[in-house]
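Worksheet: one structure, shown below.
Going by the order they are written in, the chains are A, B, C and D; count residues from 1 in each one.
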Amino acid sequence: MKSPLIIINLKTYAEGTGEGAHRIAAAAEDVMQESGVTIGVAPSFMDLHPISYHYEIPVYAQHVDGITPGAHTGQVLAEAVRHSGAKGTLINHSERRLTLADVDSGVRAASRAGLETVVCTNNPSTSAAAAAFAPDYVAIEPPELIGSGVSVSKADPGIIEDSVKSVKKINDNVGVLAGAGISTGDCVKIAIGLGCSGVLLASGVVKADDPAEALRELISLI
Amino acid sequence: MKSPLIIINLKTYAEGTGEGAHRIAAAAEDVMQESGVTIGVAPSFMDLHPISYHYEIPVYAQHVDGITPGAHTGQVLAEAVRHSGAKGTLINHSERRLTLADVDSGVRAASRAGLETVVCTNNPSTSAAAAAFAPDYVAIEPPELIGSGVSVSKADPGIIEDSVKSVKKINDNVGVLAGAGISTGDCVKIAIGLGCSGVLLASGVVKADDPAEALRELISLI
Amino acid sequence: MKSPLIIINLKTYAEGTGEGAHRIAAAAEDVMQESGVTIGVAPSFMDLHPISYHYEIPVYAQHVDGITPGAHTGQVLAEAVRHSGAKGTLINHSERRLTLADVDSGVRAASRAGLETVVCTNNPSTSAAAAAFAPDYVAIEPPELIGSGVSVSKADPGIIEDSVKSVKKINDNVGVLAGAGISTGDCVKIAIGLGCSGVLLASGVVKADDPAEALRELISLI
Amino acid sequence: MKSPLIIINLKTYAEGTGEGAHRIAAAAEDVMQESGVTIGVAPSFMDLHPISYHYEIPVYAQHVDGITPGAHTGQVLAEAVRHSGAKGTLINHSERRLTLADVDSGVRAASRAGLETVVCTNNPSTSAAAAAFAPDYVAIEPPELIGSGVSVSKADPGIIEDSVKSVKKINDNVGVLAGAGISTGDCVKIAIGLGCSGVLLASGVVKADDPAEALRELISLI
């Protein structure tokens, strides 16, 4: 059986940028090696290259644009992300929403470049729509719970269940990640019990005093 | 059997604004009455009120925002569109793209206000995604053909077929409109033959010397 | 001496839409006639036409796009706003921010159509930048005070003074309006004492039980 | 006297990404060392780190967001750009336009992080507005000439003259770079003769068979 996937979004937190990114990535690598659970990080674009080359963990961009090589400035080219050593990318995070057409072209661009795709959504109907693009994962994050410390799996398990159902109905090959407020092993266990392939989280690990301990606790009930 | 639906998008064409909007709406009303084919217009926001109250045709907004009444400036509230007398609204036109989450909330807002919803898309996969929101119609318009004078039904019937298929697979109650380059009765006939419920067009009628004649020609082979 | 200008932004408040817009506009007309102070309203796009034709007050759009007539859908054409009977328009409100280039083209489009222009800004440096486009007014609204009930003129008179100074240094013909939290005659008096030509406000009047009374109180110390 | 500044925007050109970025940066380093003219490159975010550490040239990001460290995903934090080794950043390029408020906050964020700021504009009035934010440089690029092979300095020297005049009138410390279509030593000479501090260019060097030769030609008449 495939390991659950834990992705830590480093955002632009001070604790997750530069030296901070190395600190979290090192913790992820340690816990991944000792547990066998897949733990990835999504650092800033500038940290993709150094983090990808220094650690044996999957690294994700936080965003890609649905473009081909050419005259685009300040945009994120999927091939350049891949070349940096990243394994995949988030697309359409609630803090970087894309148009319907750009979610489609972003998934295509990432797939073309050999990147794993994680499309972020906010409810069962946008999760269903995202599944129509056949990404590797849909990550459902109710916006009101992001950074709240209240996990979606405890506050609103129904939204996870409905999202899993609606995604699988459209395309059974698309995995579902639960996001927003995930902070304990219990949250992760519930999410997986509801049919999720893993979780997407951020502050719970990035802002922890001891990120490795926070990760060990998160995967303790898997 | 239900009549096909012809929607004329007046955009911000000089010929479709103010007096121009009245001219097109009058032509639509004439041809609708003599033929029984449903012909609607989508004028500017400012023309929604006068056109809705002067003509016996369905009137559509060109866009609504996925908001509830409150502190939003320069946004388009679905209830205000409905109050103006409009029957429905376009959402996510290629000249006014919305985020995935905003297409969802736009459809919800319009439905809440009692507006018919027409979500515009650009290919079969975005059409499938749009169908997940259960709008009344998905209008498929390959961007490269918009305003080209080359109709999608002749240049690329496969894209219409695939869109109809992918939309119906997700939700059989969602109608499909063909858009982009529609200009003759033949284009309309082909689109309907491929499973469309109607067409969305613009310059072919708005810029015609005689809009009523252009409309008569468009519906001549239905 | 020219009368101060009071603009009431109706936003998409339920109390300022449809019948609500008529109620506020009627109150503005009454108080403008009895006092001689210029009182305008900025209703939704759909209400521009009916409100402009029913009331003898200046009417403003909440936004225009920097476009010329042509193939734009769901955009707001300045000529269509003017044709609806509006006298002017807000541009770049904090709830409808535009790019630097679009503020420029929006001011040009509005001026071309004969509309008075009110560019909204958030601090002295964006006020200076906006003045470089030579609009009729710059309306300075510190975002953190919008809808707060705490007026900018009381909470942060320095930001108004600095904005007036920086605007006048760039172009002495550009008037300054104070916005954000304006709710009493005192706020208006202070703003005018600091060199403002008037105020831009919203909830203080729109949500008042008696909008005419709220307006009378606002202008009582001028 | 200070050297003119030549910035090569690598955009997302295939020839300017990954190995391509190294090739252009190596050429820039060679020509900078032999000539003493300052030559910088603006690679993709992912290439900022490797290019900054491998070459003795000024490196610029193509964009920064006006944010502080915190919960932002897929955004570009100025401190992370600085930490990557970059010296400065473009802001508001025509292919990555920002709101008026975000140009202001972007310049503040970059300055706070110790980055040199180059705000891109499209005409004399947006150049004046940009100068109000006191960036290090304003880069004027008429959009219709970008990538055209027709240089702004030859096609429309008046727009450069007017931009230099309007920028210096607002803030004499802000330098002006000429962009769009720059491809020969003559273009560079004219721009500097009109008061510019340098040029911003892209395809002319990035797509050259021999980037070092292209650079030598560009600076040959300084």
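By definition in this document, contacts are C-beta pairs under 8 Å (C-beta built on N, C-alpha and C of every residue); 3 or more make two chains touch, one makes a residue touch a chain.
Please read these numbers as outputs of a predicted model, since none were measured by experiment.
Chains that touch both chain A and chain B: there are none. One simple way to say how far apart two chains are is to compare their mean CA positions; for chain B and chain C this gives 33 Å.
Note: centroid distance chain A to chain C, computed from Cα atoms, is 43 Å. Distance between chain centres (mean CA atoms), chain C to chain D: 37 Å.
In chain A, the residues that touch at least two other chains are 94. Taken together, the touching pairs link the chains into one ring where each has two partners. Applying the touch definition to all chain combinations yields A-B, A-D, B-C, C-D.
By the touch rule above, chain B contacts chain C in their complex via residues 9, 11-14, 17-18, 42, 44-50, 61-63, 67, 69-77, 79-81, 83-84, 90, 93-96, 146-147, 202-203. Contact residues on chain B toward chain A in their complex (touch as defined above): 92, 94, 97-104, 121-123, 125-126, 128-134, 166, 170.
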